[in-house]
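Two complexes, one shared chain (subunit A), two partners (subunit B, subunit C).
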Partner chain A sequence: MSNSIPEIENADLLLIFGYNGADSHPIVARRIIKAKEKGAKIIVVDPRITESVRIADLWLPLKGGTNMALVNACGNVLINEALYHKEYVGKYVEGLEDYKTAVAKYTPEYAEAITGVKADDIRKAMRDYAGAKNAMILYGMGVCQFSQAVDVVRGLASLVLLTGNLGRANVGIGPVRGQNNVQGTCDMGTLPDVFPGYQAVTDAKARRKFEKAWGVKLSGRIGYKLTEIPHLVLQEDKVKAYYIMGEDPVQSDPNAGEVREVLDKMELVIVQDIFMNKTALHADVILPATSWGEHEGVYSSADRGFQRFKKAVEPKGDCKPDWQIICEIATAMGYEMKYEDTEEIWDEMRGLCPSFAGASYKRLDELGSIQWPCPTEEHTGTPYLYEGNKFSTPNGKGQLFACDWRPPLERVDEEFPLSLSTVREVGHYSVRTMTGNCRALQQLADEPGYVQLSVEDAEELHIRDQELISISSRRGSVMARALVTERVKKGATYMTYQWWIGACNELTSDHVDPITKTPEFKYCAVKVERIKDQAGAEQHVRDEYAKLRKQMGVNV
Partner chain B sequence: MSGTLNSFVVANPNQCIGCKVCEIVCFAVHNKNNQVAMSVGTIAAPVIPRLYLVRGETFTMPIQCRHCEDAPCANSCRIGAIKQEDKRIVIDENDCIGCKTCLLACPFGAIDLLPQFKDGEAVIQANLKEESEFGLEEKVKTIAYKCDLCQDHGEPACVTACPQQALTLVIPAEEKKRRNRQAAVNLLSALN
Partner chain C sequence: MEKKVLTVCPYCGTGCKLYLVVEDGQVIRAEAADGRTNEGNLCLKGYYGWDFLNDPQILTARLKKPLIRKNGKLEEVSWQEAIGFVAGKLTEIKKKYGPDAIMGTGSARGAGNEANYVMQKFMRAVIGTNNIDHCARV
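After this line comes the complex of A and B, so read on.
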């Protein structure tokens, strides 16, 4: 996020794009409500009625998979109605002429035909957005999990640049990132192209620094991305082993059938986790790790804030903290890796990453949290980026971007007439490895899980609320409970991705964004069918659930 | 005589984010004898809340008992298991026969009928058995549950637990007095 989560409360306008705070981050959702109470205008872009839509001043209910067309139309209005901040753009931004050409055909009327959003609502949204003193954009997976994702992120950033909403408090653009510490894993270099602190593996100087510190030779080649692995294993036979930590790809990656095939073909699969999960069923070796209450460390929040957390209880049973397991594996493989505690690891990392250098344990304890960049121990962190409107481009100027809209890579047709988007629900976290083992949360929302569908579609298909139904795509078929709701529009369905029985990733497609290789979780074609024998279906669900629990040794 | 009116809990839908913390804490404080000790994650009994989060096109909020002065549930109870007690309407769960009349009588849908639990175990009916393919089997006792304003807990747990402070315990006499005073202030400012 360019700005901080607490600043959300002080914005005059929030443009929430493909982000459902109440279900993904209830703590951030509280800030959105506080902003509203303090008088902020709320504009929400979402195909479904979410809690934010409920309190919004303006709702743009776009069709799934049409983000870029809408963002271009927003740019078109800013340009054609001369709403953009000419002085700011003149001083700090480049590429205006190309941008104008690229968005020229995306008039609100042109976009209405694609997105289904009323042309006048697009105009009104942009007049409000450009007119607000301090406006902030929040976006989520409704932007990133499409085959056209990076383009939309850059398109949204262009709206921010055009209106000069950067470089000061209570403005900016916030990708409110998925899970706890997903920001931290990126900060620490678990991406295929960077070392810790976003230092490129292709940068020879950075590479030499890490080689010297670790006493090894490092590759300057960019690694594989997660979603490239299935192809590399099944078609090219290039990847032979998989070491999976705190991740359940059979549950969380698209096209689960293919993921299982990949795991079974690999020569070695190691899973390091706190409980059994679907991926661990395919592992050759399972390394039991401690959970968050049983060890210490540092988390990064979505707004770049480092926070220390400490051990609350002693671990039980045969398990170790992740860092100790890694050290022992490395040592056994011939590279002696030894640390006294997590602080020693953290200090080594700080020494190698200039933008994290000042965030020592001592300073973190004193300040509670530190947002990077924090170059020295005297520095108190950076709540918002781009002070003085200097950007991290070669000439320091912000770059405008627009390109043509591309539809999702799978389309609905006669055989699979409905769209499926995968979403979150408040009671379960990620793949439910933790929350599925908490009895109270499990009971509030239990297997086989739900398919949200519109009242109109339910009527047409003769489906009653809470009935078991069958939902299928070109890749698979699962059973789940119908959740018939006015919040969903005709033609669309939604499922949360943590269920073992109603596992929506048996259905999702493995199309990805060309740059990030993030899967198109938000759009695939499905069909929904009524099940006549409800008693038989209920029994089938109970049997399947019992079988899985037995396989995993779950007694919760 | 607003001083004798029953209190009740009500939610502000503009503040509710639908997180269900109220449901969990409601269950937790009412099931101390059902092994809900350290953490609700370790419970054996099913989660039975006495307020219900509802979601619709335009609303998200928990709905619970209004503790009506002329309570239709109590008026309809065939065996007198629902009574007025210290400014609240309560169900005697041991007397309840599960006839469901109160569920139908309540205009808010604030009453639900669910299995009874004691010490983490389902309570079994004394005589009634259920016919099954294995012969006659024991049947779990089902009783009516509703909000009792946390009578054994002190103040309503949902009000204190809500992270949004979306729930309020309304004490009608105080609320009336507050509004009278506010009206006076408003009139005064209109005059000046």
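After this line comes the complex of A and C, so read on.
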């Protein structure tokens, strides 16, 4: 996020694009409500009636998979109605002429035909957005989990640049990062192209620095991305071993059937985790790690805030902290890796990452939270980026970007006439091994999970609310409970990904964005069918659930 | 005696601070703390999402011992055997196919930044590859 979570409530306008805060970040969602209470205008772009839509001043209910067409039309309005901030653009931004050409054909009327959003609503949204003193964009996986994702992010960033909403408090653009340390995992260089602190592995100078610190020669070749693994294993036979720490790809990645095939073909699958899960069922070796609550360290919040987390209880079994397990393997392989505690690791990392250098444990304890960049121990952190409107481009100028809209890679057709998008629900988290093992949360919702379905589609298919139904795609078929709701438009269905029986990732496609290789979780073609024998289906769910729990080692 | 431990929620990216209240070595409840992003608020996962630490045997069992698959079945082994097995196998695969035949993941959840730093260092310095990624992409 360019700006901070607490700043959300001080914006004069929030443009919420493909982001359902109430289900994914309830405490961020409270800031959205506070902003509204303080008088902010709320504009929401989402095909579903989310909680934010309910308090919105303007709702743009676009068709799934048409983001780029809408973003281009927004740019078109800013240019054609001369709503953009000429002085700011002249001083800090480049690429205006090319941008104008790229968005020229995306008139609101042209976009209406693609997105289904009324042309005048697009105009109104941009007049309000450009007219607000401090406007902030929040976006989520409704932007990122499409085969055209990076383009949309850059398109949204262009709206921010065009209106000069950067470089000060209460503005900017916020990808509200999902999991509690997904920002931190990126910060630490758990990515195939960068060392910790976003230093490129292809940069010889950065490589030399890490080589000196670690005492070995390092590869300058960018590594494989997670979502490339199925192809690299099944088609190219290039990857033979998989060391999986704290992830459950069979449950969380698209096309689960293919993921299982990948794991079974590998020569070695190492799973390091806290609970048995669907991926661990395919492991050759399982290493039991200590959990949150049983060890300490630092997390990075979505708005770049380093915060210490502490140990509260002793581990229940013969478990070791993740870092200690890795150090023991390294040492057994002939590279001695030894740390006394997490602080020693953190200090080594800080010494190699200029933008994190000042965030020592001592300073974190004093300040509670430090937002990077924090170059020295005297520095108190950076609530918002781009002070002075200097950007991380070669000449320091912000770059405008637009390109043509591309439809999702899978299309609905006669056989699979509905679209499926995967979403979140508030009570359960991610693959559910943690929340599903909490008594209070487990009672909120349980197997087989739900398919959200429009009232019109349910009527056509003779499906009643809460009935068990079958949902299939070109890749698989699962059973789940119908949730017939007016929040969903005809032709679209939605499922959350934590269920074992109603496992939507048996259905999702492994099409990806060409740059980030992020899967198109938000769009695949499915069909929904009524199940006549409801009693038999209910029994099937109970039997399957009991079988799975037994497989996972639970005392049933 | 109750003990309150100030920590950060393990679920979403908001980074809410909370207290885990511990009695006789067990977490008994969570209380909201005055963190920068949550200012004394928590959602239901913050309040009730710690119970899995008590291994209540609802959905899946907690992993408590290293396991190695022998004749198709996962069997409990000592840490020494597990570490030796992993190190031996990884060395063998690296020698036979090269370091780029090995892929590793970080974890965007409970493990924390230090564990992720050590994981990417392991893949880069010990295995010799940049094949390290995590679920930010999915």
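Here is the rule we use: the second predicted complex is superposed on the first by the 554 of 556 C-alpha atoms of A that agree within 3 Å, B and C clash if a C-alpha of one lies under 4 Å from a C-alpha of the other, contacts with A are read in each partner's own complex, and residues count from 1 in each chain.
The rule we apply is simple: a contact is a pair of C-beta atoms (placed from the backbone, for glycine too) under 8 Å apart; a residue touches a chain by one contact, two chains touch by 3 or more.
Quick caveat: nothing in here was measured; it's all calculated off a predicted structure.
Visitor: Determine, under the contact definition given at the top, whether A:R411 touches first (subunit B), second (subunit C), both, or neither.
Guide: Neither: A:R411 stays clear of subunit B and subunit C.
Visitor: Just subunit B (first), just subunit C (second), both, or neither: which does A:R487 touch?
Guide: In the superposition, A:R487 contacts subunit B only.
Visitor: Given the touch rule stated above, what does A:C438 touch, subunit B (first), subunit C (second), both, or neither?
Guide: Both: A:C438 reaches subunit B and subunit C.
Visitor: For A:E51, decide between first (touching subunit B), second (touching subunit C), both and neither.
Guide: first
Visitor: In the overlaid three-chain picture, which partner chain does A:M245 touch, first (subunit B) or second (subunit C), both, or neither?
Guide: The answer is second: A:M245 touches subunit C but not subunit B.
Visitor: Once chain A of both complexes is superposed, is A:D187 in touch with subunit B (first), subunit C (second), both, or neither?
Guide: second
Visitor: Can A:G297 be said to touch subunit B (first), subunit C (second), both, or neither?
Guide: second
Visitor: Counting touched residues of subunit A, say whether subunit B or subunit C comes out ahead.
Guide: C
Visitor: What is the contact status of A:G427 with respect to subunit B (first) and subunit C (second): first, second, both, or neither?
Guide: Both partners, subunit B and subunit C.
Visitor: Output check: A:R30 vs subunit B and subunit C. Expected answer is one of first, second, both, neither. What do you get?
Guide: A:R30: touches subunit B and subunit C.
Visitor: Taking the contacts subunit A makes with subunit B in one complex and with subunit C in the other, which residues are shared?
Guide: Shared contact residues on subunit A: 26, 30, 426-427, 437-441, 444.
Visitor: Looking at the complex, which residues from subunit B come into contact with subunit A?
Guide: Listed in rising order, the residues of subunit B that touch subunit A are 14-15, 17-20, 23-24, 27-28, 40-44, 46-47, 55-60, 163-164.
Visitor: Which stretch or stretches of subunit C touch subunit A in the complex?
Guide: Per the touch definition, subunit C meets subunit A at residues 3, 5-17, 20, 22, 25-27, 35-39, 41-46, 48-53, 55-69, 74, 79, 82-87, 89-91, 93, 96-97, 99-126, 128-138.
Visitor: Which subunit A residues qualify as touching subunit B in the complex?
Guide: Going through subunit A, the ones touching subunit B are 21-23, 26, 29-30, 33, 36, 49, 51, 54-55, 426-427, 437-441, 443-444, 485-487.
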